[in-house]
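Note that chain A is present in both complexes that follow, paired respectively with chain B and with chain C.
Showing the complex of A and B:
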């Protein structure tokens, strides 16, 4: 019999990994577009991306729950396609986490993208490199550190997520009971010893993660963190 | 406009002063204010009780609502509450064992009634109808909430088998799960659906003999005349009428010597 807390740790790591991968695929092009566009809609998109930083997670959870409900088109469509309702499933947590951690992925990466010098891209273009070629061979290597920071923060932020999961998770032991929920349950049932174990673990994990982010930032002044044109 | 051009240092100084003054507000609370920590499910009823009480008392009553477990943890760690109205009898008992309450003040102030709410049900509901339930069934976390524990007792004796059980932190969340259409049915406190007044055939007040009683107990944490008066008011006719209206059973015998 595996300790239920270990199962929660497993669910949490799985959730954070998948969330980070989804963000990598979906949010990278979005970030590039925000960083490079001069279109006015940028000023609408930037605050939208940043919203999860300011909003209480309960606001997101509240609306997500309404969205997931079979009472509306989206929830109904999902239930028809996948044969079961979306709320209280692992997939629901992934959707919630992607939205919740979006700014933590986009913002560091945006800084990195903005610091890629336009001349390099122009030069590559004159040599015949297409946009995708330029992105992969120039932008990605130059923004390597931005990617690392973005992915680390998105991952760590998802691990620490609580409010949204509390509202859309349903606390199902082997599917949606993540670490923070298990911790909450221990506190509520007065199992402070177990709560300490999880809390201390989470604290250590968070500190080490942030330490690594800041430390790597400090030691290597790589291009994304220096202004491109002096 | 002029304000926005202030140097940032002065602005942040202003902010600090504002925050400091906000933080010190609780210190200036008058001593004739009673601080009542209450389990969130009882808050609406307590507000009505307080309204009735304030008609005959000049004092102020401050309500701090939270989950019973959270409030318990705060009390153990020295939270300055005068009275604690829990949603169960376990936490008040623990406080009594830890000698954190006024001796002899632990009493049942209300008995909760469990109700099954099933918006899409067909025909009159009973325990036997649970066998036909397909889909998501929501209950409050049985480890945390007394209503969840009671619900679990009913479910396990009902023969229901083809459902997906999800748990909310408390009955209010269970209510929200059902109201938003994400759960097909669920067990809530009768007090919650009294307000919503759902169609007659969609809810069932569970027979009291199908689950062990949900005794909500109160304790006095810091004795004072004000606390004693409140405690007494909690057990008088006016309060009992409000309790009954909100879907609670009135505890024990009326003479004040309320059963445990």
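Showing the complex of A and C:
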């Protein structure tokens, strides 16, 4: 019998990985659009993307729960297509996490995209590179650090979420019981020893993640060593 | 590839562009004008990097197809137009060689220029292994130009390519551009606010001011035009084309042939038979009605007075013509009256100093 806490670790890592991949696929073009457009709708979209930073997760979780419920058309449609209800499922957690971690992915990447100079894109265009070619061969490599920071923050933030998971995922072992929920359970049942283990683990993980993010930012600001001796 | 453009465009800022121009299918067309005159906007429109607003009228045609009109727009990547920007256009995540390969992989035309030739013209070989941030401003521009040539561009647009390069490096890169000018059979448009660069390189000139073409024609003719020079005052000058006749080793001079008249300059750079451009500063030219018999001045050219422009001050600008080519003399109005100079009269221009354009451009 596997330790239930280990199962929670597995679910958490799976959730964070899938969430980060979904964000990579869906939020990358969105971020590019926000970073480059001069269209007025940008000023509406930017605060919407940033909302999860300021909203209590329970607010978001509450609305998502209503949306996912079989009484709602979207929930119904999902249940019809996939044969099982969306609420309190792992899929619901993924959707919730994608929305909740969206700003943590978009914002660092947006800064990186905005730092790609227009001249380079213009030069690439006149050299015969179309929009997708330019994005893949110029924008992505130049925004490499932005991608690393964005993916790291989105991953770490998903690992650490609690409120929204509780609202839309509930607490189903093997399905939706992620680390933060397991920790909460241990505290409620006064198993402080086990709670300590999970809490210290999350704390260490978060610190190391942030340390790496800040460390990679530091090397970006100071020029490579090579230039110092030229 | 010849290009014609008809552009009427207005910006919210009040800036407007109203030009109609034709770029001949080879040679360099210079686009000269002060900052904000619309040169760069015009160039970006030609390249397809900008398209104007919905109420603007932009019609651009190459001799093969229409690039832009009310109903269609060919994006920059499909026009085959090379663009050399003022600065920082090399991809910083690639080294010099990879930057060039980026262009080779996306060639616009199959019958592209021979790579070895391009490397030689622009002296690229020593730079190939370098990182982009190790290049000096002039080297970076040479690589940028090579990248455009290797890309097989059918037309090259230069947007102040020497604008951010220090003056000493500028004189080093101009001969490279002149070499391209002599060797390439494609049209080039060269935008600059430096009249020196333009007169050195261009065959055809468009002068732009506040979004309008104020002057247009052959560079050599316009260089001696009174309109272009009236405002220049002390620095008024004209450019003439000469052929290198021979080198005088004994005195270290180079003899040029200017429409049958010998002209001596202090230069050994060019081989006999080569065409060179020479700038004559108007204040270095004096006029005599009879051929001066004994004078220390070497260059005495027989010419006809084509036009006279009086200055508001004590000076007058006289345009002198010799077999179709013109230069200027800046003399006092008092001399003009004393000598009784009139249009059509044949006179002798004494030129104190002449320099090849390569030597003048700082």
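Rule of thumb we're sticking to: the second predicted complex is superposed on the first by the 220 of 230 C-alpha atoms of A that agree within 3 Å, B and C clash if a C-alpha of one lies under 4 Å from a C-alpha of the other, contacts with A are read in each partner's own complex, and residues count from 1 in each chain.
Keep this in mind: contacts are C-beta pairs under 8 Å (C-beta built on N, C-alpha and C of every residue); 3 or more make two chains touch, one makes a residue touch a chain.
The model shown is predicted, which means the values in this text are computed figures rather than measured ones.
*Asks:* Going by the contact rule set out at the top, does A:125 touch chain B (first), chain C (second), both, or neither?
*Replies:* In the superposition, A:125 contacts chain C only.
*Asks:* Could you say whether A:174 touches chain B, chain C, both of them, or neither, answering first, second, both or neither?
*Replies:* A:174 contacts neither chain B nor chain C.
*Asks:* Counting only touches as set out at the top, which of chain B and chain C does A:117 meet: first, second, both, neither?
*Replies:* Touch status of A:117: second partner only.
*Asks:* A:188 contacts which: chain B (first), chain C (second), both, neither?
*Replies:* first
*Asks:* I'd like to know which partner A:137 touches here: chain B for first, chain C for second, both or neither.
*Replies:* second
*Asks:* Enumerate the contact residues on chain A facing chain B in the complex.
*Replies:* It is residues 65-66, 68-71, 75, 85, 87-88, 166-167, 170-172, 184-185, 187-190 of chain A that touch chain B.
*Asks:* Can you list the residues on chain A that touch chain C in the complex?
*Replies:* Residue list for chain A touching chain C: 117, 119-120, 122-130, 133, 137-138, 141-142, 226-227, 230.
*Asks:* Going by the contact rule set out above, which residues of chain C touch chain A in the complex?
*Replies:* 47-49, 75-83, 85, 87-93, 102-103, 106-108, 131, 133-134, 144, 147-148, 151, 153
*Asks:* Touching residues of chain B toward chain A in the complex: what are they?
*Replies:* Per the stated touch rule, the residues are 67, 69-70, 72-73, 94, 135-136, 138, 141, 143-144, 164-169, 173, 176-177, 180-183.
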